[in-house]
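In this document, chain identifiers A, B, C and D correspond to the written order of the chains, with residue numbering beginning at 1 in each.
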Amino acid sequence: MPKIIVQVMPKQDLLDPQGKAVARALERSGHKAISAVRIGKRIELHYATTPTDSQLQEARKIAESFLSNGVIEDVVEVSIEQD
Amino acid sequence: MPKIIVQVMPKQDLLDPQGKAVARALERSGHKAISAVRIGKRIELHYATTPTDSQLQEARKIAESFLSNGVIEDVVEVSIEQD
Amino acid sequence: MKIGVVTFPGSLDDRDAARAIRLAGGEPISLWHADSSIKKVDAVVLPGGFSYGDYLRCGAIAAQAPVMKNIIKKAGEGLPVLGICNGFQILVESHLLPGGLIRNEKQHFVCRDQKLRVENVDSAWTSGFQKGDEITIPLKNGEGGYIATDETLKMLEGEGLITFRYLEVNPNGSMNDIAGLRNERGNVVGLMPHPEHAVEPGFGPDSPVAMRSGVDGLRIFQSVLRSVISA
Amino acid sequence: MIIDTVDQSKIEAGKEQPWAALGLKEDEYNSIKEILGRRPTSSELAMYSVMWSEHCSYKSSKIYLRQFGEKVTPEMKKRLLVGMGENAGVVDIGEGLAVTFKVESHNHPSYIEPFQGAATGVGGIVRDILTMGARPIAVMDQLRFGAPEHPDTARVVHGVVDGISFYGNCLGLPNIGGETVFDKVYQGNPLVNALSIGALKHGDLKLAKADKAGDLVILFGARTGADGIGGVSVLASETFDADGPSRRPAVQVGDPFAEKVLIECCLELFAAGCVSGIQDLGGAGISCATSELASNGGKGMKVQLKKVLLRDESLTPEEILMSESQERMMAIVPKRHLRAFKKIVDRHEVEYSVLGKVINKDRLLIYWGEQEIVNVPPRTVAHDGPVYERPVRKPKWQAPLNAASVQAQGLYRANDNTTDLAAQFVQIISSPNQADKSYITGQFDRYVGGNTALAYPDGAGMIRVSEETGLGVALSTDANGRYCQLDPYQGARLALAEAYRNVATSGAKPIAVTNCLNFGSPENSGVMWQFKQATTGLADGCLELGIPVTGGNVSFYNQTGDVAIFPTPVVGVLGVIDDVARRIPSGWQDEGNNIYLLGITKDELDGSVWSEVIHDHLGGRPPAVDLEFEKRLAELLHGASLQGLVASATDLSEAGLAQALTESVLRFNMGARVWISELCERDGIDKTSALFSESTGRILVSVGREDDVKFVGLCDARNIPVLRIGVTDNTGELEIQDLATWKLDELRTSWVATLPELFG
């Protein structure tokens, strides 16, 4: 099923408590090379047929306005995935 | 900062109530082309220097064993991102 | 009778679990997540709360704690272990119980007096009930939706491993109305509702007799005391 | 990074500085220069600007808040272990125990980012309580949203409720009550107030002071990041423009897990006697903590800012000083206790850093490496900020508003026919402000801790403090913006009276008051008049009731463009009860009990829910308040609960008898037969007033038959009007004779459906 994948991350400047907790846990279990962890969302929008350009545009809009909260998050990617 | 990006999704055949709720909201606001929505995670592991092959291997292991729960989730991607 | 209560960073209902054990007639022993020792206790309770903030997945980080290695091992040898709410999530993340717990269907935290039916009484923690007993204990969780594959569900139903089922209202979208489970041996039980909040008149769910006076949860703790003695 | 140092400030004496952008007025900037004898460095400017902001300095409110300290009798001070001015007041509750409680606003951040705004509001108030040396034991939340059907309201409701639920639940603090109000005046400026209460032994009290030279200054908890920089000065002191906030500041992100760990860690530090002073970091971050600790202790401090553990290495010293990163605390630790301190924080995996030490000199000295960037007298930053006596004028619209009473508008008598009244009854109890709030409260954990004796849906929250003896406290908060708009003096007293009555109704004895004063811009003389009236009303009321104000919070600039919110002073009353087992339930559970109405009902419908829901009208004067009578009522309830005479009690307030009846029957699904004709006759009122009037000093009580005579005797002895108006029965119906009969199921359906339909 063709999909549009939207990826959303917490804004760089802001605290990401979840990432922090996971980073600590990784550190405790000896994974020292990982200096930080940030956790965001991967959202799959499914379509019956390959999304058109205008649908991709629309998805970008949805990503910015609804799937992410611009005050605290950034949309880092919107892309079509076939499979 | 170089990163390894891990992407985790709820298993295809299991419930994803969050995705369902978003799908319904999108439908209500007129986005009929989207037939389903699924919501997973995008996890960024930061490294001081470009991850080595063995670090990538290790990240794959972490992704399978800790960053996802194999009973209910699948790791859909583990990849290096430079920037 | 010594029952350990583990405190993880972010555990909240640990004091309450200890109180429940005391009211049932046992001796609560507090265990610390970072110690591997479990101090020769006769049973263990993994209490409710938000261990590690529920970050990543509820119970996932706690399942890696040093104390869990020992608990997993001893559970394999028959040590009674009860996981309440976050404790249930930890049991699932530790693979001591099958399936998973995900965000509530309605997407928000639910706190309510919940009616349950006791479905199976052949476990260390349910032996004090009669099969089919209807009890009311508080439920409070954000991620209590039980999910499992069809195969697992069939196995759970077939072998009678479901200990508690939601009655009247399914508060979180759990499959088959599952509120609690046991392992095959019957020493490990996990449930989303909080029996430790229905143990003391005045501070529990409403009952027909008086407000906030339901004590149905007490029997879970009394069950384990009895089963440990008889074992 | 260019560092502006003290030396530099002397060389470059005439440098232009952005004082205006930081929210300072020209004369304020000039007085900083006067204090220092030179221009401030950019770091000093940052500190003064945040600490002299309205939010931190109380510069417009100070002269009125003084009344709370002045209008007190020695009797009122008896229980006060710590009064106003500290992070939170501390009240003796007996048995060597004390409680500390306070309510605070997080209004502006909660409009911009409702989830994080509300979450960090809870986090902030809980740290205030912790700072007193207390274990936080419960929270409450007072919420005011815009019109329920407005398209933006759901965003705010969902975010705020989720945020409170996320943070409070994760901290393990039971939510024992609050308020939810919808009104279009709060559309662009919702009010999100949060209250926390903590318990401690008398000897465990901690104060925010650094009073011994040589003690170490330690910052611990979360790392410092770019959160909410300028949040205090810009957010809380600047009016929202109609075209949206242009200088949208970074929001603060809360980590309740970190705070939970911090709480347990602090309590261990206190128990081990490691700290001699402690201050939470909230608004104005390190600027506030360092200057207040030093100023309170009458000492100075020398601090190395490079020692601050950062989340983001690119922060400038000014930003570090102003950052409002959450979940941080500053401790003053005697050197000999450093090892013990370290052991405890390590056990909790809490990061810490020794920033400097307390010095015997009246200076706050802050260094960035070798460079001195701050050199100021701490008092001038923390306590000697500007004080304004702003112009005060009664608004021109006030008199016409007061003249437009229900009667004058001809709204009143028109509707006193039974079919209409029965329909109005249902319409009112299912209106968003009166409907069941479990859509909201059902998202909050009220059980955790195992000590909750009363919570939703009871009129007051109650929590057991001592498991040994059952000693506990009850809390209720109230506010009515509509009453206050009609008469802010009276409105504040009405809020006080209602909170007081709610606490008394639970069987507890009211002993102390906190408040959160939500108002428009102090630069508007009409708003300032409202503020003056409300604070005076509250102070006078507390004096009459004989219970002191122990602390509170002021939130100004709650307006959209030029339009201010209704003045909304939230008043919280704390009561003590020697055994929570004696608490009085708020609903009817037993069959065949007599239902008594205490107090007198008058024609008081101005400002009422009835006038709002049925007529969309606001005008006239709010109900009268007789605090002396409230006191007698409270004593009666207390006496009756000691003797176990009352089966239940519910106070009458918004939507009057109609609301009280609804809540009483639905609590345990126990029906009742009620008659109001005698009431109408005795009080000389019609049915509309009998059902919907909001006269104060009234309580609905149910009494078992066997206690009837005793109870009525008790009322008579205290000269409290009492009238039997009904009897409970198990018919599954509420019957109001000569008016209507409702099936409880139907009534419940209407009452419960409203909020889920709007927001679910």
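Simple rule for what comes next: contacts are C-beta pairs under 8 Å (C-beta built on N, C-alpha and C of every residue); 3 or more make two chains touch, one makes a residue touch a chain.
This one's a predicted model, so the numbers in the text were calculated from it and none came from an experiment.
Asks: With contacts defined as at the top, give the pair, A-C or B-C, that has more of them.
Replies: Output for the comparison: B-C.
Asks: Go ahead and note the Å separation of the Cα centroids belonging to subunit A and subunit C.
Replies: Spacing between the chain centres: roughly 34 Å.
Asks: Distance between subunit B and subunit D based on Cα centroids, please, to the nearest Å.
Replies: Spacing between the chain centres: roughly 41 Å.
Asks: Rounded to the nearest whole Å, what is the centre-to-centre distance of subunit B and subunit C, using the mean of the C-alpha atoms as each centre?
Replies: Distance between chain centres: 30 Å.
Asks: Indicate the whole-number Å distance between the mean C-alpha point of subunit A and the mean C-alpha point of subunit D.
Replies: For subunit A versus subunit D, the centre distance works out to 37 Å.
Asks: Got the subunit C residues that touch at least 2 other chains?
Replies: Counting only residues that touch two or more other chains, subunit C contributes 52-53, 55-56, 64.
Asks: Any chance you could list the residues of subunit A touching two or more other chains?
Replies: Residues 17, 21-22, 25, 29, 39 of subunit A each touch two or more of the other chains.
Asks: Provide the list of subunit D residues touching at least two other chains, using ranges where the numbers run on.
Replies: In subunit D, the residues touching two or more other chains are 255, 257-258, 349.
Asks: I'd like to see which chains touch which, written out pair by pair.
Replies: Every pair of chains meeting the touch criterion: A-B, A-C, A-D, B-C, C-D.
Asks: Would you tell me which residues of subunit A are touching subunit D in their complex?
Replies: Those residues of subunit A that touch subunit D are 10, 13-17, 20-21, 24, 69, 71-72.
Asks: Going by the contact rule set out above, which residues of subunit C touch subunit D in the complex?
Replies: 9-10, 12-13, 15-16, 19, 34, 48-50, 52-55, 106, 108-112, 138, 140, 142, 194, 196-197, 200, 202-203, 206, 210-212
Asks: Could you pull out which subunit C residues touch subunit B in their complex?
Replies: Per the stated touch rule, the residues are 56-57, 60, 64, 92-93, 95, 98-100, 102-105, 107, 145, 147-149, 173, 175.
Asks: Would you mind writing out the residues of subunit B in touch with subunit A in their complex?
Replies: Residue positions touching the partner: 1, 7-9, 19, 22, 25-26, 29, 31, 33-48, 51, 55, 58, 62, 66-67, 76.
Asks: For a test of understanding, state which residues of subunit D touch subunit A in their complex under the given definition.
Replies: 112-113, 116, 222, 225-227, 248, 250-251, 253-255, 257-258, 311-312, 325-326, 349
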